[in-house]
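For reference, the structures are reproduced in the following blocks.
You will see two complexes here that share chain A, one where it goes with chain B and one where it goes with chain C.
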Partner chain A sequence: MGSMRMTFLLYRAAVRGEMQYRLNFVMLLALGLVYQGSGIAFVWTVLRTFDTIAGWNFGELAFLYSLRLMAHAVWVVPFHQLVSMDTTIREGRFDRYLVRPLNPFLQIITSRFRMNVIGDVMAAVILFTIAVNLVDIDFSPLSVAYLVLAVVGGALAEGAAAVVVSSLSFRSVQTWAASQLVDNIYLMFGSYPTRVFGGALTWGLTWVLPVAVVAYIPSSVLLDKTDSLHLSAPAAVAAPLIGVLWFGAAYKWWRVRMRGYQSVGA
Partner chain B sequence: MPTLIRAEGLTKYYRRPRRYEGAFGGLRTLITRQYDEVRAVDGVDFTVSDGELVGYLGPNGAGKSTTIKMMTGVLVPTGGLIEVDGTAPWRDREKNAMHIGVVFGQRSQLWWDLPLVDSFTLLGKMYRMSEADYRRRLDGFIDLLDLGPFLDRPVRQLSLGQRMRGDLAAAMLHEPSILYLDEPTIGLDAVARDRMRDFIAEMNRESGTTIVLTTHDLVDVEALCNRVVFIDKGRVLYDGSVVDLKATYAPHRTLVVQLASGFTAARAAELLGPEVPGDVIADEGPTLRIRFEANRISAQEIISAVTSRCPVTDLSLVEPELEDVMRTLYGNRTIAV
Partner chain C sequence: MNAGQATCSDGPLRNLPAYLQIVRGRLRIAMTYRQNALFMLAVVILQIFILRKVWTALYGEAGVVNGVALADVLVYLTIANLQSWAMQDLAVGSYLYSLVREGRIAFDILRPAGFVPQMLAHLVGGTLSMVLFATAALPLVALVGTLGPPASSAAFGYWLLSLFFAFGISMLLNLIVGLGAFWTTEIGAFGMLFTLVSQFLAGALIPLYFFPDWLRTVAELLPFQATTFTPVAMYGGQLAGSEAVQAIGIQLLWIVLLAGAVRLIWSRALHRIVVQGG
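Up next, the complex of A and B:
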């Protein structure tokens, strides 16, 4: 796979480029940790106040929250540059990607590496390690495999939304606010048992925007709580696949939109 | 020579969603069905043969860059035909990309924060060059463009001239059969420009690389191109040799005469009278300008006519510039339409 190797080389170059600015590197790392850490501290406080939320105890909620963070980290490390695709287009750099013999999507995501995402990863790993010790999960090979699948599916579910948002910049629209919105929707609605938001919203967060499939549904499966879900147990088990399908469709859509790219200048 | 690039009735209309200002303007822009249409390229025909070096000229906004972007596969044409080496660049984008090199003068393709050589390494891999080919080509460019002194310096620390040399090498590394240069000399000093021109000429002559060049600098064109295509408002106005272009649209040269002290231009004009074919423009003071048609009278005749009648301290000859050609071309177009 030539493209895969090339993608790896470009990521490595991006990281090396970023390392040139050492102070910035350290600051961004700290920023990432503080940002995610403050989120966790907030949740900690909220969770400490209640014994259970929608039938989920403290440990289970922490597990759900950390699973969301894991999926987010797996999405954000390779793909975060999509967020600045509108800038890439506005500054005319996208033209260059189109005259090279490599998929422009891969060139976009490897164009820079922002070190604050390492903070996201560290926060996710730390909280997940703590949360796993608070819940009672039997880690059989099957459930570990499912966990991995769930994290990847969740990452792709969030990624799908970001890919669709980034495709709007082909229409020369600034998408920074929209991508922040998506980010926040996943953070706000994806980190808790979706059921607490009511029936209509739960339905929407499952079938319109794939938010519940990121962490709520998979952690229900892993914690054996599927009987209180809004969908059947087999459907819940298949939830990670929804993320995969969404991402596939979103990427197709992105390619179609790319045909309409009009460049800048005249 | 076989045809390498063919454009027939090539057209590009930009459709931009109408922009709205004020509160929720962004949202309205996003969902609007109203479009503003701009005809950037409006039915362009031309061909470029293998091994040619063609200047693609026109004022700002004439549609030059848009045409280049369609030739390189960046833009999908609205209509007409564009074919490069037998394929439509926008349909077989990556295949086309393997055989072309592109330099956008105002935008570098080099990795900003990394040593220059790293950009070459990455591109060598991206174009799937063998280690031996890569080494041979890179060594050649290090010699030819004198890249050695700054090969290990981060690109952001290079001067514009150095960066452009790096960009040229980057565009030519994979031995493309066609090189597109979009204003490659913009912003460069005289020495850097010369060096750039020498390199471009050499690539065309020695390696037989077909080159399409856009520029606003007539010196570039005269030094490099045997043929120019001139466009304005998305249409071809002229397609032919540079010599014919200038003879047709800017036939005038100007002789600038510095007279000896005490001798005014007005007096010189009087002395010359109607014998000198050409417009005599007498400034205040000792400078006299004579504008004449180069194909009616030789510079030699005019100079001897002047020096035989007036005391002269200095002479210089001003050649027509691209601006003159442009002005004439616009003038004709307005009349033609």
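Up next, the complex of A and C:
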């Protein structure tokens, strides 16, 4: 419990620090909104001419997109600082984390707070509100529970990839580009029904890099579209667990890599 | 006339060697940081791939929509994205911001060569290096996206001419974004916003003939479409004949307007520096 409280206090300090720059805060907020909203603007515009993308209409695509945004927000709000772990290591600040009595992983993620993630959260909430009004989903307690599980599973699926990439920086590798690339892959491939990318890639985006489990599979389940999936219906329902398993494995891997850490000697 | 003056020729081209030196410097910087450029290129190539797949799914069974075949749209998207990537050089913008923030700008202004031409030389060098990277990536792009020959030799000619003007418009737009450094000290968020919005309105993700009418009107009133849609639609033959001539006229009009805007912004910016410098 001590480390829980400590983590919370560190977050609060990081947010307070960031609030000092008000204009930048507004700009970053707008950036988060536009950046996350630009994909759905594309979908909306092309669907003025066309009816569907691979059988998905605008409401369904907006729902899929908002599910990805929510999973992304749940991941990115607490954990986004992992992206700058390579800088932390290069500048020798990681040594300090090792001698303090709190898990180094928790210290990294609370080191700073970047305000554009608030824009990400707002985009997610706004689009989800719009999307649920466009689609026909029966919100029974069971489907709400599944929705929560799907968002958490999706967040962990995206997080697993980010954790693995950040672990590379223990061996003095610059990971900025790699983590941006992973971020872009989740953003770009995760926003559409995965099957438009073809069979082989759909398989890879399910089992190797778990992108399809973030939004495509769970929204197929909730929208009752599982018959066009590449998985059987029960497997699709269980898909959020893939994210949980991947994240557990990724975190274990991160701890193992940390033992190989060598200080830059700052 | 004494000998000293005779050695340095007058006229607008007297600073040309200095500008060439800047262009060369930019190319060297790009080569040193090539990993950065290669990563950015990887993202564009992914985007081209995804656009191909999504547009193929959109067309589905339909062969021709709004009078355009799927294959033509795919060639359009491939060229448009590669081209707009090469012209969106934010590196010079960030360079300008760091100059202003750290006060080093005084040295650039004191040089005998004009400051705006110096920045244009930076932009030419930056874009030239991006074009080199994009050209080197062509085989991979052909594999991931769709490349095809131009609609006709006239279409190719129009494309080349229009591409030249598109390059001019892009540079002026990038310069205007960079000159924002005199009013605010942070470019990161604004630069990305600019890139996102301008890419969309330039027609890099959706050709303008698939925009709803009101959005097409908005896009046509802005300069962005003249950087991407105009040349690439000429390449594919969707923009030909008198329409193509008119589109090139609009490009020239934008160059004049934007150059005027740069002049105006620069004179105000210079005034601000004088005030700040005390």
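By definition in this document, the second predicted complex is superposed on the first by the 262 of 266 C-alpha atoms of A that agree within 3 Å, B and C clash if a C-alpha of one lies under 4 Å from a C-alpha of the other, contacts with A are read in each partner's own complex, and residues count from 1 in each chain.
As a working rule, contacts are C-beta pairs under 8 Å (C-beta built on N, C-alpha and C of every residue); 3 or more make two chains touch, one makes a residue touch a chain.
Because the structure is a prediction, the values reported are computed rather than measured.
Novice: So, does A:Met27 touch the first partner chain B, the second partner chain C, both, or neither?
Specialist: second
Novice: After superposition on the shared chain, which partner residues are touched by A:Ala145: those of chain B (first), chain C (second), both, or neither?
Specialist: Neither partner.
Novice: Could you say whether A:Ala233 touches chain B, chain C, both of them, or neither, answering first, second, both or neither?
Specialist: neither
Novice: By the touch definition at the top of the document, which applies to A:Leu102: first (chain B), second (chain C), both, or neither?
Specialist: Only chain B is touched by A:Leu102; chain C is not.
Novice: Check whether A:Val256 is in contact with chain B, with chain C, with both or with neither, and answer first, second, both or neither.
Specialist: Once the two structures are laid over each other on A, A:Val256 reaches no partner at all.
Novice: Residues of chain A that sit at the chain B interface in one complex and at the chain C interface in the other, please.
Specialist: 177
Novice: Would you tell me which residues of chain B are touching chain A in their complex?
Specialist: Within the complex, chain B contacts chain A at residues 14-17, 26, 29-30, 38, 40, 61, 63, 65-66, 69, 72-76, 93-95, 97-98, 100, 102, 104, 107, 109, 111-114, 118, 122, 125-128, 154.
Novice: What residues of chain A sit close enough to touch chain B in their complex?
Specialist: For chain A paired with chain B, touching residues are 2, 5-6, 9-10, 13, 16-18, 20-21, 91-93, 95-96, 98-103, 168, 171-174, 177, 259-263, 265-266.
Novice: Would you tell me which residues of chain C are touching chain A in their complex?
Specialist: 35-36, 39, 42-43, 46-47, 50, 53-54, 56-60, 65-66, 184, 186, 189-190, 192-193, 196-197, 200, 205-206, 210-212, 215
Novice: Of all residues in chain A, which touch chain C in the complex?
Specialist: 23-24, 27-28, 30-31, 34-35, 38, 41-42, 45-46, 48-50, 53-54, 116, 177, 180-181, 184-185, 188-189, 192-193, 196-198
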